[in-house]
């Protein structure tokens, strides 16, 4: 039984989506990233070469499914496939942001449950295990045929709000829709607050309608912590904030794992004076121009590196994250 | 392209869980059930024999996963396997009540996502398609590798409440927990009402805690329609009714697809005078002694038979159920 | 190459069928059983949780397919599936009594070769190896796609009869039907006797007809050792004993691996005065009320534990059992 | 539902092992064999080309695994594979003599259950169904993952002996070993006789030892019908005949499905004057020089063609063979 | 056996890569394209919905892997997956330009044989058959596990040059590298000319070195027809033309199946006065601005539609293309 | 990470095709071959038994697909299957000569891409990795689903011609057909020469036509090194030599990996006085009677043993063969 990671027994490669996070994860493990060479042929075909022998070794490939998602996905599939074909002992897909987790059901005829399709593609390509974070719904875990570890950032969020002294009389945790409600309730419970859920109806990819039933529920509270899994254009947050402010909420804090912050999302939220803080993680790279003063970015590198370390040394990952459940 | 069902091209068999429903489905198709012979060896091994040749035919095996669930599941797997081995052209598992849909995520370490396991077992046994109803969460659809049609009873429920004249000022639809909230909202919308969700915490299999946040939300309403997917012991309904009654609700109607009504469930609900009606379907057989006067049992046989007919004649199943989504 | 079992590298779990045997196997290995938590939801769904981390470890799950067989089978499938999903390195199904081995052929149209179906289900659930004992026919070994080790209790039986001084003139080994004949002949040969076979026709699950051709064959012998693989209701033994007694056999000894002893089986046999001894193993738990004075129960725990030890330390299992073949 | 075979919808190809039988089967169906081109490269690689388009059609490939078995097997695998790759709708392997059925268990460590391996290879190559005859043990049926139809020649044998007036007092059916005993008993029962089994021990591939227990059993009979599945060198038949003759049997008839008749097998049997008749089928081609006067060859072409016709027109194959069970 | 296509039995969908070709293929079949709805979520996830029921039908999805290749590939995988999940009877991937066919071998360690990976992904997504054209090497055919039909445009090219009166003394067909040599030889043979091959070494994706061995070979010829499978940047054509012109070739004609014509490829070739004609097909869409006067675009729609028609009516595709082999 | 091979952790078995090479490979690893017992039943079925326990070990099975190819292939499949079933940890098929690599494409309708079929059969039988040498085309690598290492003998050939002082003005490397051209060019480059390719058309298995275009290309050279992958009957070499001699080549050296030398191949070549040397390897056994004085046989045992050693100790195989690419 190994107690420490043998650097010669492990390879960590990064796709092109988020090399900074991959390097951080490696650094926390006392390792360094192994080189990967990428290029693109003139016919737009991708080319990838892993820069270190993987024969008989445990390989981790780190890739977040950020835009351009299709390129990053195919690059990941190719990297997994190379590792398998080159006789790696285990091939782990480490996907901090699994964007397609949102496509987890058929709410219209003849559409794709793409979260399942991609789980199957990962296995076909050669993944023997998958590590990811905060899936859109906990059931997506069941889409994987190989062992999967959906990690959570909730523990980090709980620590972040520790000792703030928010009282349950003044502060309420708000889930933007029913799908987030259980997760928000678990977070609220860990910091001694209550949670409610708005009822959001999605009119289109960028427009939402939120029922005003929320008004009754936040009556009497002055501070709201909106707890979500992903901020893309920020539309839901902006609309929910409008309703909360109408309901006399004076201070809003936004907490979210995947800070995609597409387009002017960050500016739309910063423009609302009641929003005092936005807390996200770095599962998705956040460029300097989006790093507004009220934005706090917590790094998930310690979580992923610890999960890898425990996986390698055969310690329970569940035990480690005793402060939270296996997934949101 | 077939326009009608050729009786010689189709075989419908029933497991031992719910032959009355299976016969009803067959009857709606103008067919009759094919014989199946069951017995049990003295060592408790099951024995099944299909009573009609399936060679080159389309076979439907109807089985609800009611107690004893393990026996009914194994019997179903054996029947599917016999059909496949005997060279059936297609093998459809028709599972009106897929009990294990509730085991759809890991909320503790080292437990089983049994809903996925059983989807895989069905495929191993030989199922080429699956038809079921009102899965506990819509994501369970993605657990199946073969084409799956999760039908809904919502259309029947909507028809049942048509022309009742319930006004949105007096009547509110209540989901017992966040997981049911979206489904309840869709139902409410179709009968012109609003919906809210209670926040239920499960303390054990038979005990639940429901947050009193619900009190604020039902303020001003006099009638509540509780909308759930499954009633087992009735514990959630009883506890939620208590809270609603404390909140001045005077009339409660319970609507639920799978009326398991374990033990004295029906009596516990009947004992609450504010509960005026309980509407369930027959995905699970309901014996005479549980057929209380306030219990209405709607038959799903027309839905399943129409889905089978459309499947056979290659018509869209989604088009048929234009009044609702493909699943709850 | 490991020489001894590293307790931290191995996990042994027991299903609910036969925890005493599982604990015995673990004890013989110098290990202790790891905890497993079971319960049953009110809708009859099973719930299982493995009580120790299996990540990267070799897992053995011990379960005999005794009544209620379907529950024990599903419980086993769930435990295997949990181990696989939780990233165990190897997952061994240890099934001392594989009841469905009897369903090994199609002797009627459209029945199930359930022994094969279950072998496939075990693999789907996650078993990477299977260990079992005395399959009803040696061909069942070929139903498994994963490596399988069908062990034998014959060596124990041979030892048990060592030095009894039974002469080949007085004593004959009798197989109750042709399917047992080869196995009986091998046993007889090892204790210096001859063997014959009755011709049994099964009229129903509990009634058999045995041809009187046996009369000629036992002429001149005074003692018969009936050698069978499984005693369920004891019907075959009783009927065969009747014929043997008619043929002037004065003393009967019954030897059998799987002592299911359903209902009053033990009393029916004890009631025959010529039956002097019944020797079975503990692949199936035998409660105190069935432990008649003439019943000898030999424990298979040493055999299974030694097979596990040799499997772990990569020693040949065949070499160990040099006194017998790999299976009956 | 088709009532007759559409010649344009079906293709029948023959490998090189037994084109006469394949042509007979086609002729009984009112079809003709489709051309197949074979050759062998100078490096001993096989080359096969199917001579008619199989796109969207049902393809039957007829091949008996006679010597050279490996060449015939690989040729069969290639033909199945071509049909699959060329988009056939169904691909049936028709294997009148499945020689490896004899390798059905591990009676020594580290040997191959080749009957299972080949079943898997057939599926990998593209077989969607398998049709064969008189497998060495009925359990081999369970080795196939695709639907398999093991036909029987017993009905033909029964017809052959119809009206011979053999009395049960004078004539006994003898199985050469316990593995044939059940099958022999079924045959005996259908022609109104009793059956016994010799106890054969195989000393080597060509030498056997038969226990003299048989002597007691045939006491009083004057005619023996030896019922076996396969005659290779004839060694068992010769040795068993010797014992029977010693036991005062005056007339011996040999009945066997697969008449391999290797080397001088036929002459060794003909040399025994008490052997009055040898009845075999043509699952294996029998050249003129082996067609001794006492040899009767029954053709299995009607059985295979009728099975194909019923398969195509979706009639039960079991019903057809009401005179016998699905397999020996 | 169908003789014509039943419009209600077939669905043809187009991805976003080349709807004009897809519509043309449908038109040649007397059908029209079925609607497909595409969009992209703000997080860059793709969304696709098939606009017509596919239940029990044969579905063709047409998609060329042109830039953006990864998006088009994922879109194709999703469309195949939707069709499979919605219970289509057959799912055909029609990929006129399979760009990754070029990644067909490992010429460096730890790179991906992406042509095989993608063949596997197509099968995982649900493709039951694949139709494509002019694969980079004929061996790529063997990468597909499902039936694949690699069509050829050679027949069209041969017709195009029919009756031009090019004499074998004046005109030579030139393959730009050894990989194209066999294909060029076959083309040359069909129009009565000889063929030679240049030896091209690829220095980078856009730079090539061509050995001057070619000089000797074209001595005495005045016209060269360069025969290639794909023109991306045109670099090879330009460099080869330079050498040919140095070798006294006065007229150059370029023939190529896949006219990607990336960037200024068309202008670079047009700028060479000796290049008199460039003949490509429309497997890749060619926008108006690239349609230079010397460019001839032959449509492959008749080939693909005829192949689909023959596939549907179960006629041999090979027979149709008697003028050429199944692939280049 | 292992640095040396633990003899108790590895088993090397040889099929009957080439035990001398297998023993040599073992010897280079400091190991000895493990015993294998073969026989053949009278019905021509093969029987194999591995002579040492493989449980938990890494197993290498060495078999060249030389005549009788089908027997050697089936024997190999059985050996792999035994190893897998007996719980080996890894099962490597080491196939120095993979004859069916030549059947790598469909150049006629309804033939088999047998190189792919056999790759699939190897995986079905249990191979977890494959090692081979000089595949007929590099794309065949992509036919394997399991990790495959196609080694090259080119390094040995380069060493063999080192310091011979052949000048690029006098000596040219000649590929017999376009398929060998790239490989020949790489070899030529490594010994400082140029390469050209003949255009060979195969008229039948034993007759070829070689275009006289070669005449122009070899003008001025006096020595030709023919570089091929396999010599079967020698027909191509003889015909090419004839043309080269007509073109004033005075000295011919033949270099080829797989020296099958069927029939009188060696004598036909020796009979040509200009052929001064024939260099082959021992991937195929070469009997004494074929060991002509001008024949040099280089042993591949060091290459295979080093590849096995590096595989076992997890060193890059690509790094080792830095002098050449991974395959020809």
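For reference, chains read A, B, C, D, E and F in written order, and residue numbers begin at 1 within each chain.
The rule we apply is simple: contacts are C-beta pairs under 8 Å (C-beta built on N, C-alpha and C of every residue); 3 or more make two chains touch, one makes a residue touch a chain.
The structure presented is a predicted model; accordingly, all values stated were derived computationally and were not measured.
Asker: Could you name all chains that are in contact with chain B and with chain C at the same time?
Answerer: A, D
Asker: Taking all residue numbers at the chain A/chain B interface, are over half used by both copies (same) or under half (different)?
Answerer: Mostly same residues: over half of the interface numbers shared.
Asker: Roughly how far is chain A from chain D, going centre to centre by Cα mean, in whole Å?
Answerer: Distance between chain centres, rounded to whole Å: 62 Å.
Asker: For chain B versus chain D, what separation do you get between their C-alpha means, in angstrom?
Answerer: Result: the chain centres lie 50 Å from each other.
Asker: Could you work out how far the Cα centre of chain A sits from that of chain C, in whole Å?
Answerer: Computed value for the inter-centroid distance: 50 Å.
Asker: Tell me, which residues of chain F touch at least two other chains?
Answerer: Chain F, residues with two or more chain partners: 53, 85-86, 108-110, 113, 316-319.
Asker: Between which chains is there touch?
Answerer: A-B, A-C, A-E, A-F, B-C, B-D, B-E, C-D, C-F, D-E, D-F, E-F
Asker: Under the definition above, what is the set of chain A residues touching chain C in their complex?
Answerer: By the definition above, chain A touches chain C via 1, 129, 147-148, 310-311, 314-319.
Asker: Okay, in this complex, where on chain B does chain C touch?
Answerer: Within the complex, chain B contacts chain C at residues 39, 41-51, 53-54, 66-71, 73-74, 77-79, 81-82, 85-86, 99-100, 102-103, 108-114, 117, 120-121, 124-125, 205-206, 230, 232-233, 260, 262-263.
Asker: Hey, which residues of chain F end up touching chain C in the complex?
Answerer: Within the complex, chain F touches chain C at residues 6, 8-9, 53, 55-57, 84-87.
Asker: Spell out the residues on chain C that touch chain D in their complex, using ranges where they run on.
Answerer: Against chain D, chain C makes touches at 104-110, 113, 115-116, 120, 137-143, 178-179, 181-182, 185, 194-197, 199, 201, 211, 213, 216-217, 219, 316-319, 325-327.
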